[in-house]
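Next up: some structures, all given as structure tokens.
Shared between the two complexes below is chain A, which has chain B as its partner in the first and chain C in the second.
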Partner chain A sequence: MKTRPLTPRRYVLALAGWVVLWLAVSATAVALGAENIWAWDSWEKTRDVLNLRLYTVLTAGVVGAALALAGLAFQALLRNPLAEPYILGVSGGAGLGVILSSLYLTAIAAPVFGFLGALVTVAVVYAVAQRRGRLEPYTLLLTGVIINAFYGAAIMLITALVSPERRGEIAYWMMGTISTFDPRWSLVAVVGGLALAAAVLFAFLAKGFNLVAVGEDTAGALGVPVDRLRLVTFVTASLVTGASVALAGPIGFVGLICPHLLRMVLGPDHRRLVPAAACFGASLLVAADLVTRLLEGISGVAPPVGVLTAMTGGPFFIYLLRTRWRRKSEIR
Partner chain B sequence: MKHTILYLVLASALAAGLVGGCRESSAPEKDDQFEPKGMRILSLTPNVTEILFALGLGNSIVGRSNYCEFPDEAKTIPAVGDTINLNLERIISLEPTVAFIVTKRTDVVKTLDGLGIRTVALESDTMTELLETIETIGHETGRTAPAQTLIQDIRHDLDKVRRLVKDRPRPKVLFTFPMAIGSTNMMVAGRGTFVDELLSVAGAENAFPDAADWPTITPQRVVELAPDVVIVNAVGNDAAPDRLEAIRRAWTNLPSVPAVANSRVYILEDAFLTIPGPAVGLAARRLAQVIHKRGAGQPSPIPERDRP
Partner chain C sequence: MAAEERNPVAESATTDGAYLAAEDLVFAYTPGAPVLQGLTLSFARGRLVCVLGPNGSGKTTLLRILVGLLAPSAGRVRLAGMPLDAYPRGALARRVAYVPQETLAAVGFTALETVLMGRSPHTGALGFESSGDWHAAREALRRTDTERFAERNLEDLSGGERQRVIIARALAQEPDVILLDEPTSFLDIRHQHGIYGLLRRLVTEEGKTVGAVSHDLSLAAAYADRLVLVHEGRVAAAGTPQEVIRPEVLSPVYGTPVEVRTDEVTGRPYVLPRPP
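On to the complex of A and B.
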């Protein structure tokens, strides 16, 4: 596909288009659900249902946006197509925080401890991976993988030792699920604010992403402060990831697949990709959550949304990889 | 403590009755033996342990599962893991002769059989299966008469609860297990489960209409189901201290649900409600008490009776 030069006018139009997609998907997801709302239903019931739907739709939106943005940034700066928001162990840290808090401290404020766990993890990963203030992508990747494995083992140990009731709860939480019983609007606002801040920041850094993707030496030679770019990007991406895990559990695959899908369609220019990732990630997760609720209406049981995104996103991704976009654009 | 005492009373009553029986009949039956000679029992499911104690076989149990914590005496018996992960070395060293386990997994049965332990696989998903299980255990341990008595007691208990609630309206009741971690969706008792049967005995209609085991549903579905009464069984005390508060708070977010509007969300911590064992009569009674409560301050029409 021939990409036309990106003028401010086109940028705004594209951004508006993506936002409209998000809003349209969200509106559909508020209107539909496990059961229909009828005109003769009582106002109280309608209000409760709409409240719950609005909450899930907003949560799915901010979490999807946060994950897609984080995935895009990690893939760009680590120059690794397998990079995803959880690659630096942030999900494990947040998970451990939520689980430990729910078991021993407080169930009500567990997400706060989840976020704290993510913060501690970010600090540990950077302390380990940095050398004289510089972050080497390979060291960072390896540190993340090891930290992830360690957290995974710790969570499994806890899972093995607790009562069967808690074991089921931990397993369910680890699958990633949005429909919360106890709406936490303030937390959604925090995650939403962080995601928005990340989107704006990444939009400004997009040119830097493009140059780093070509080569770090080139980027450095062209005046991009590569080290600072890395640090700011990784910390921001880790923060939004940690917040989203604290809110909805580790929802897999969205952060990995959204950036790739968009690159196949839009090309490698991060100035286009950043707003697209935010809105498309949001739309995708809202749609996936809607599907789980519709499935609940049909079968009586709601599958966790994280499972659904991975199960449907995987085959679709392979299909795109093998057929339509194969020659048109390189996968990076 | 209450449990211990009641079980002791129960056990001694049984013993007395049996001894008395022995004296009267000229030819004592084999199953009148209080401790079957040489029988070393491995009990791998909580309800089986309860049944064995009720049959007066508590002293013959040499090993139990990690989750067999009732009656209190059971806690002193060595634990050997659970159905998914059995400590085979400990099992061998305990030298059991017979194992009782509620499972559909043939590999577990085969493994235990392979160790020279006579393994009896049982089922107790429904009331009928529970009574059959008691009968089988009685037969296998040579205590058929106490087993019959226990079965009759359970039938009697359940009938009593049925009679108490006979003329009362049958509210729609949702029986749930909460999800504390991340307080997400909840598990509810589907049609055809053991708890579903108990609800029906206790004079209620299950608010969850589908035949499903223990499905996980979203709050949205709860709004649609509009139960008159919600029973949250918050069992398992290895959770944060504010857990019950978290659950209570979460329910207030659904004011359109009749149970919430009328303050009829009951958060219980009664593990025995979902254990298909000798206490099912009491479980039904407890449910009936909660379900047919008249309102704050007014006494429940179902008389109180403590759990053993």
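On to the complex of A and C.
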């Protein structure tokens, strides 16, 4: 692929294309589902179904965008192609925060506690995995594994102590679901606003992402304030991860699959990847959620979308570990 | 060659008149283990200076301070007469370029994209490159003789080709000063001379100020205008290759006997290690 200048015109055209993709996938996902709304003669019922589907599609969109952006940012700043909110334990930390707040506080506190859980996790993972400012790639992933195990135990402890009814709710939520039982439109708006803000911010930081991915000293010597960039990026990624977990539970691997698929098409330039990740992440999760709803139409039960992404993302992780990752570590 | 043989009379132990000068630098990564202990040196404009010294003598730390990546705990650095910390990051990056020792991360950027990154101190917030930026990048590829690798991935190039591309990135910054950390480690003799020949041309033809950390005493002596020998965080000796490449200077610093001879063709000294 020949390197071509990234002009403002190309940038806007590409962005428009990605937005159109997201809108098209969303429109398809509203039109399709378990029930065939077009055969119904009651407009009220059709309207209610469409309303719920719109909620589902928007929720999947904002959550997908948030997770894809967070994954892209973690991969760039941690200089690790396998970094992702779920694998690093950031989603787990957010999950623990959300569960704790749901036991004692009102629903409004959930995204705040999700954010705090995510932020604490990022700080811990970074502090443990780095040595003299250098991140050991495998140490980073192992730290994520251990942190996830710890959070898993903490959440199990909580579920053991609460009522059986609450236990079922928590267990289902931890699978990562886009639930329409109790639509929370305001939370969708909050997550959507945060994801949009993160996309705009990351678009301005993309130049720095490129340089840090090449090397921190290189980035610093080219005028990038590396420490400040890292802080701002980690806080923003934690914020969108925490908010999306509060909305839909910990949905894994979107932040891994989406940036990698885009890199295969667009190359490694974050100036191109940031707007693409926001829209493609949204499209991907909307499509995944549509698949679960179509499965519901066949089998009568909708699998949680988080189960679907994990079952696809797990093999994808192993593929990356065996190919791209090996190539990278051999060169070092 | 005439320009190379010029006696660096303007150089002296003081930092007056130097373009980039460090004075009494003190630095420690961990308290109680100082890496630099009052290091003073200077880079005169349009000269190639090589910084020599044993492993762990503080050479890399020195370079990282000189490009503003680290702040010394004492002492100061001046660039064109102004304290280094008075320069905003972007302005500093337009004056001083750095070629770190480990520059390879297999991220997938092509050589051209890598060189374009050198333009980043010159571009706006979203990083769009103008036609001028592309011209500068192409020109940098041409000057380093790497145009034919432009569309190849950096990790697919050989070590010598890659190092030239990284130097092209430094050139694309359009800096006055280029500082390199062991630019020829892991390279074979042909590429070692290729890199130092390139640095020499940048100095004599374009008037760049170049500082390179090196472990190869003979190579440094063959190309540099001036050598600075660093030992235990201080300057042990500084001067022309003939002044620094002497057994009585080198042996105590490296802790091993050496023999120095003179290359009959160039008149420059070279070093033969002798078993203790």
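To be clear about the criterion, the second predicted complex is superposed on the first by the 242 of 332 C-alpha atoms of A that agree within 3 Å, B and C clash if a C-alpha of one lies under 4 Å from a C-alpha of the other, contacts with A are read in each partner's own complex, and residues count from 1 in each chain.
We take it that a residue touches a chain if its C-beta (ideal position, glycine included) is under 8 Å from a C-beta of that chain, and two chains touch if they have at least 3 such contacts.
Because the structure is predicted, anything quoted here is derived from the model rather than measured.
Student: Given the touch rule stated above, what does A:Ala203 touch, chain B (first), chain C (second), both, or neither?
Tutor: second
Student: Would you sort A:Pro315 into first (chain B), second (chain C), both or neither based on which partner it touches?
Tutor: Neither partner.
Student: Quick check on the superposed pair: does A:Asp269 touch chain B, chain C, both, or neither? Answer first, second, both or neither.
Tutor: In the superposition, A:Asp269 touches chain C alone.
Student: Applying the document's definition of touch, where does A:Tyr104 land relative to chain B and chain C: first, second, both, or neither?
Tutor: Only chain B; A:Tyr104 stays clear of chain C.
Student: For the overlaid complexes, name the partner, chain B or chain C, with more touching residues on chain A.
Tutor: Looking at chain B versus chain C, the one contacting more residues of chain A is B.
Student: Quick check on the superposed pair: does A:Arg79 touch chain B, chain C, both, or neither? Answer first, second, both or neither.
Tutor: Second partner only.
Student: For A:Arg53, using the defined touch cut-off, is the partner it touches chain B, chain C, both, or neither? Pick first, second, both or neither.
Tutor: So A:Arg53 only meets chain B here.
Student: By the touch definition at the top of the document, which applies to A:Glu296: first (chain B), second (chain C), both, or neither?
Tutor: Once the two structures are laid over each other on A, A:Glu296 reaches chain B alone.
Student: For chain A, give the residues common to its interface with chain B and its interface with chain C.
Tutor: Shared contact residues on chain A: none.
Student: Touching residues of chain B toward chain A in the complex: what are they?
Tutor: Residue positions touching the partner: 67, 82, 177-187, 190, 210, 212, 215-221, 223-224, 226, 235-236, 238-243, 245-246, 249-250, 253-257, 261.
Student: Which chain A residues qualify as touching chain C in the complex?
Tutor: Touch list, chain A to chain C: 2-3, 5-8, 11, 79, 132, 203-204, 206-207, 210-211, 213-215, 217-218, 220-225, 263, 267-269, 271, 327-328, 331-332.
Student: Residues of chain C touching chain A in their complex?
Tutor: Where chain C meets chain A, its residues are 29, 64, 67-69, 89-90, 92-93, 96-98, 100, 102-110, 112-114, 116-118, 120-121, 123, 125-129, 131, 134, 150-151, 155, 173.
Student: Under the stated contact criterion, what part of chain A meets chain B in this complex?
Tutor: Listed in rising order, the residues of chain A that touch chain B are 33-35, 42, 44-45, 47-49, 51-53, 98-99, 101-108, 110-111, 162-166, 168-170, 172-173, 177, 179-183, 249, 293, 296, 300-302.
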